[in-house]
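What follows is a structure written as structure tokens; I'll ask about it next.
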Amino acid sequence: MAGNTIGHTFRLTTFGESHGEAIGGIIDGVPSNFSLDLDAVQLELDRRRPGQSDIVTQRKESDTVRFLSGVFENKTTGAPIGFVIENENQKSKDYSHIQDVYRPSHADFTYDKKYGHRDYRGGGRSSARETACRVVAGAIAKQFLSHYGISIHAFVSQIGPIRLSGDLIKISLPEKENKVRCPDEKKAAEMITYLKEIRKAGDTIGGVVFSKITGVPVGLGAPVFDKLHADLGKAMLSINAVKGFEYGSGFSGVEMKGSEHNDVFQSNEKTVTNFSGGIQGGISNGEPIYFRVAFKPVATIMQDQTSINKHGKNVTVQGKGRHDPCVVPRAVPIVEAMAAITVFDHVLRHKTTQI
Amino acid sequence: MAGNTIGHTFRLTTFGESHGEAIGGIIDGVPSNFSLDLDAVQLELDRRRPGQSDIVTQRKESDTVRFLSGVFENKTTGAPIGFVIENENQKSKDYSHIQDVYRPSHADFTYDKKYGHRDYRGGGRSSARETACRVVAGAIAKQFLSHYGISIHAFVSQIGPIRLSGDLIKISLPEKENKVRCPDEKKAAEMITYLKEIRKAGDTIGGVVFSKITGVPVGLGAPVFDKLHADLGKAMLSINAVKGFEYGSGFSGVEMKGSEHNDVFQSNEKTVTNFSGGIQGGISNGEPIYFRVAFKPVATIMQDQTSINKHGKNVTVQGKGRHDPCVVPRAVPIVEAMAAITVFDHVLRHKTTQI
Amino acid sequence: MAGNTIGHTFRLTTFGESHGEAIGGIIDGVPSNFSLDLDAVQLELDRRRPGQSDIVTQRKESDTVRFLSGVFENKTTGAPIGFVIENENQKSKDYSHIQDVYRPSHADFTYDKKYGHRDYRGGGRSSARETACRVVAGAIAKQFLSHYGISIHAFVSQIGPIRLSGDLIKISLPEKENKVRCPDEKKAAEMITYLKEIRKAGDTIGGVVFSKITGVPVGLGAPVFDKLHADLGKAMLSINAVKGFEYGSGFSGVEMKGSEHNDVFQSNEKTVTNFSGGIQGGISNGEPIYFRVAFKPVATIMQDQTSINKHGKNVTVQGKGRHDPCVVPRAVPIVEAMAAITVFDHVLRHKTTQI
Amino acid sequence: MAGNTIGHTFRLTTFGESHGEAIGGIIDGVPSNFSLDLDAVQLELDRRRPGQSDIVTQRKESDTVRFLSGVFENKTTGAPIGFVIENENQKSKDYSHIQDVYRPSHADFTYDKKYGHRDYRGGGRSSARETACRVVAGAIAKQFLSHYGISIHAFVSQIGPIRLSGDLIKISLPEKENKVRCPDEKKAAEMITYLKEIRKAGDTIGGVVFSKITGVPVGLGAPVFDKLHADLGKAMLSINAVKGFEYGSGFSGVEMKGSEHNDVFQSNEKTVTNFSGGIQGGISNGEPIYFRVAFKPVATIMQDQTSINKHGKNVTVQGKGRHDPCVVPRAVPIVEAMAAITVFDHVLRHKTTQI
């Protein structure tokens, strides 16, 4: 009930706080007898890792995952996969100056009020560090999805005012991502320049991640509460800093008429348009699924801010440390991971629909 | 696993198809010894009912709820509340002409492929009729929330191109809703005129429902997967025709800088701004919660459309029947209901956070 | 969290109190496109019904089930099956004399303390009447199991001091049950005579139900918490008046040596003995599953008993009404139902073990 | 769905196989701001550890638990507690001779058939080694229960033919357990002598663990599926080698009359007798809860046995290794742990019964 598990049949439970001993998780419901490439999991983690380029945080964390169970002779055993990522770099610093401070738009205040006790050395359970565990589970889900011919790809479609235009689902992705993870090289260069300015100003900025899922068979999802897009939406909204989710026509569908928006069938059971975003009535229809995820600007800025401490006194929060000017480049593998976990969960759930 | 339950501690399970005998549900986790006004539940249902005005479907359904358990001498017993709403008006019509047809942007195709069998007389489980059960549970949740001083209100903020502008959370709601459920009477009149034109053209249009939750104590929600806004988002995305969800600054937060977006604390633990939308790190911070829900245009239009049948043959789908030109006026009580179910679930879950 | 749901993938949620409007339930996770004989469900309910013979309670309840959803043209739709059984015979009696009384070994006291409010006209949610809903779901599960060649049969193996001896799993069951549901006609006659004496004395007595499950494939269950026998045990212990559960060698296995108890494999993958009771390491091994369920004597006796009321005052509880002298004859279909629900749930769960 | 989680509000998920890297788990739903003594957890683990006396297996495993999260400055943070116990002593032995063999009454056969792949070096997920994780979670649950005045104690009441007689709930427990964990010193001596003979013969024997829970408030549990004793029963039956569970009068209640078995109330709301075992209608009534758990003889014996391998060929299984002649002395802390997890889960669940 404390909300540290996601998924029904394929499920991930995570633990770990930013400044504790380690983070990790248990992946349950893993089908047995499947060849799993554990090295590929580390590669996904490396996409999320701090310090990978000059436009992300320069924090040093190797984020090396150690698998403890569930795989024998490179094949899954059907037992849960337990894994741990050690927290390095836990210096015994003096935290007394920030111990009582509530940083603006962080979870310090809400966490303190809810739990009455917290690890004031960092974001604790609210730290985005927890998402590393999601990437581990997502990387495993991706390998299973690949067996079913399902692929998931995400990229950055907007940073601040710089955005990709046109039909994003048609953009072909390069073999190798650039450091801002935007497939339009010209826009990517603009974004990088913009991010450097933002960082220089000690500020941060929001962005959008676009994701598409291809090769999805007809029939994944459920018609009522567990609509495929509702589960995808929850998965995305559970990522730190996310403020919005839309799929298919999304918010722009609001101004469309039914006669424009309806996806007319062709004789091959494909549709002429795809405003539905690959999901009708909560169930995949075989067309590509696509959605957009909005991220707010990172709350930690390198500027002085006024705030209060736990005694209600006014304090000044000083900006220091090593943080991302914008979260979306590193959020791309997290979005993919959460999509993979959600879709694979529904692949397994679908197996019990008919006898 | 078939996705007919929502909520963890306060939970609703529903059943029923549009053309079956009845729809209904079971509400479990209802705290005992609470005075419940069952007549107020029917009033909420009446807000969702077809035929209530000239801008909604003229289908005749009284939608009378019958409570079967869980309440004794007007007080909850702690036992689950079972309820039934009979399906009236089930004429034994001839459905053979539509039996095999896949209507565009309906769930006919996906449902048939997933289940291999369906009640072709209507939308079956994918029909919006199911949402009446949500309104029942939501009306009960609202009464409990009222005990805690929590209020939930929603209204129509956009229909097609006509939208409210300004800071929507400051709009004061009238005692009595107009028929389009938009609190700005001038805009409401425009919307009504627009809807009549749309209907005359045999077409439909999308819209947006804005919702706010006030009186929320600090501490509801959880920091990881079950963030309060993630659960709200799933609840909203599970409503028929919803394409998007955003809370607080939402998609517009993407273009903001951290220095603009951060909600600075005042000494009374209130914040100067509320771009966070009342939730920080997945946990309510005591400020009003607000969010927007995007609805696509209704798929049933009164125009001929080309489509296919289950044998892959081309067919023409004729528009007939009694449908809504726009779903949002009747969606307002559904949005409120799903918000109430979600928030009350978290109210109960919060009780176990500390010993 | 209020414990009105059982099962994971095939799941039953029930509602209803003994003196409310109706009882009923929702069966979710029903595979679609399966021919279901709903008349056979009523026949199972009739096996549980009061008044069916002179050794059970003479209460008049027709227990007619009405199905509201999930089945169309005699086939399952994959949607949840909602059903209702009306409570007849709700006379507006005067209950004031028992309103505050705590009957010995009933749930009156615990229920009052837990919930602070109860329907004092009967057992409320603790009434065995709720088990009628289990029989409905069990009868449906049985039909699915039959598709897989799995059969479940239970019978009375002991009433008070009268018990069947020998290897109960080898007893062949008659086409037609006798009224005490004991397949040994001689013992059955003794039991009936004994029950009549017990009833004449205004007393009640306990008993044992033996159950076997045949045709079970290898592989149902899970190795850790959801061992097949652990889920069967919970299902049985959740039936009113049950005090114990044992499977395979059970409590008598305590005095056996490993060299006696081990079930040695033959070359056909069958075992020579079956002390394991068809389950090894929590997973079915293809041998018949068998178990015994102990029921205590019914708490309602036709004798005066001293007790207290809710004000702590001493009162005399008078025995009156129409109750069973022994619960086990009517418990047989309930045991079968709970076994069917549990095993079919594991049949469905097993489908996701391998890709 | 793979059954590696137990509990609803206080919940344990475990991972790990006997010959993998490590075992461990995540405890979720831990109330925050509670002083936790982590050293006391290790002491409970030591009670379960191999090699602690000459009547248990002489396997060398230190079973040292390492806590990774959820506790800061000796107080719980409300975040999940992740922990790991490394598997030491993983020699790279040659396992080829047992790789394909199905040991009698082990899970080798069922596991292989279910999963199609297994770690043949040991019992894998079916190994009793997994129960160490339960002891960790149970030790934490015990500390919370202690805050509420609830105590759980178990002891050995029978080994093979040697059993304690009389009213076991009245037996006072010594400060320090003897090595067979039977509080009757005379019987304990007999048991030890008996176990040494059994081991000398290369055989094993079953036993019974008796457990009582005192200080339980009125009101824990639920009236239908999640009866307190049903959840206790499942928890016990999920322990390796358990074949039966009974509470209160148990199987002996079968031969009692209602007039004997009913627990008559006294004016202090206590009952004269306690055949109910402290639970009425699935809800605790404030009297001590007590139950008995039957364990079969350990399947691993030091004798040659005939069996088959995975190719259906006859083979001889040779007895060798270091195993327990009887599981019950080391099962005592496991029974206590599972009882603690179950009861504390219901303590937390009870908090949401009334507003």
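Note that the chains take the letters A, B, C and D in the order they are written out, and that residue 1 is the start of every chain.
Here is the rule we use: a residue touches a chain if its C-beta (ideal position, glycine included) is under 8 Å from a C-beta of that chain, and two chains touch if they have at least 3 such contacts.
Since the structure is predicted, the reported quantities are computational estimates derived from the model, not experimental observations.
A.B. asks: Using the touch definition from the top, list the chains contacting both chain A and chain B.
C.D. replies: C, D
A.B. asks: Could you tell me which chain lies farthest from chain D when each chain's centre is the average position of its Cα atoms?
C.D. replies: If we average the C-alpha coordinates per chain, B ends up farthest from chain D.
A.B. asks: Averaging over Cα atoms per chain, report the distance between chain A and chain D in Å.
C.D. replies: Roughly 39 Å, centre to centre.
A.B. asks: Mind checking the centre-to-centre distance between chain A and chain C? Centres are C-alpha means, answer in whole Å.
C.D. replies: Centre-to-centre distance between chain A and chain C: 46 Å.
A.B. asks: Could you list the positions in chain C whose residues touch two or more of the other chains?
C.D. replies: 1-2, 4-5, 8-9, 14, 29, 32-33, 78-79, 114-116, 124-125, 223, 348-349, 352-354
A.B. asks: In their shared complex, at which residues does chain C touch chain B?
C.D. replies: 1-2, 4-5, 8-9, 11, 13-17, 20-26, 28-30, 32-33, 66-70, 72, 75-82, 84, 114-119, 124-125, 348
A.B. asks: Per the contact definition, I'd like the list of chain A residues that touch chain B in the complex.
C.D. replies: By the definition above, chain A touches chain B via 1-6, 8-9, 14, 102, 104-107, 109-111, 113-116, 123-126, 130, 158, 160-161, 198, 203-208, 218-219, 221-227, 229-231, 233-235, 237-238, 240, 243-251, 253-269, 271, 275-277, 279-285, 294-301, 303, 305-308, 312-314, 349-350, 352-354.
A.B. asks: Spell out the part of chain D that touches chain B in their complex, as residue ranges.
C.D. replies: Interface residues on the chain D side: 1, 9, 29, 31-34, 78-79, 144, 147, 223, 348-349, 351-355.
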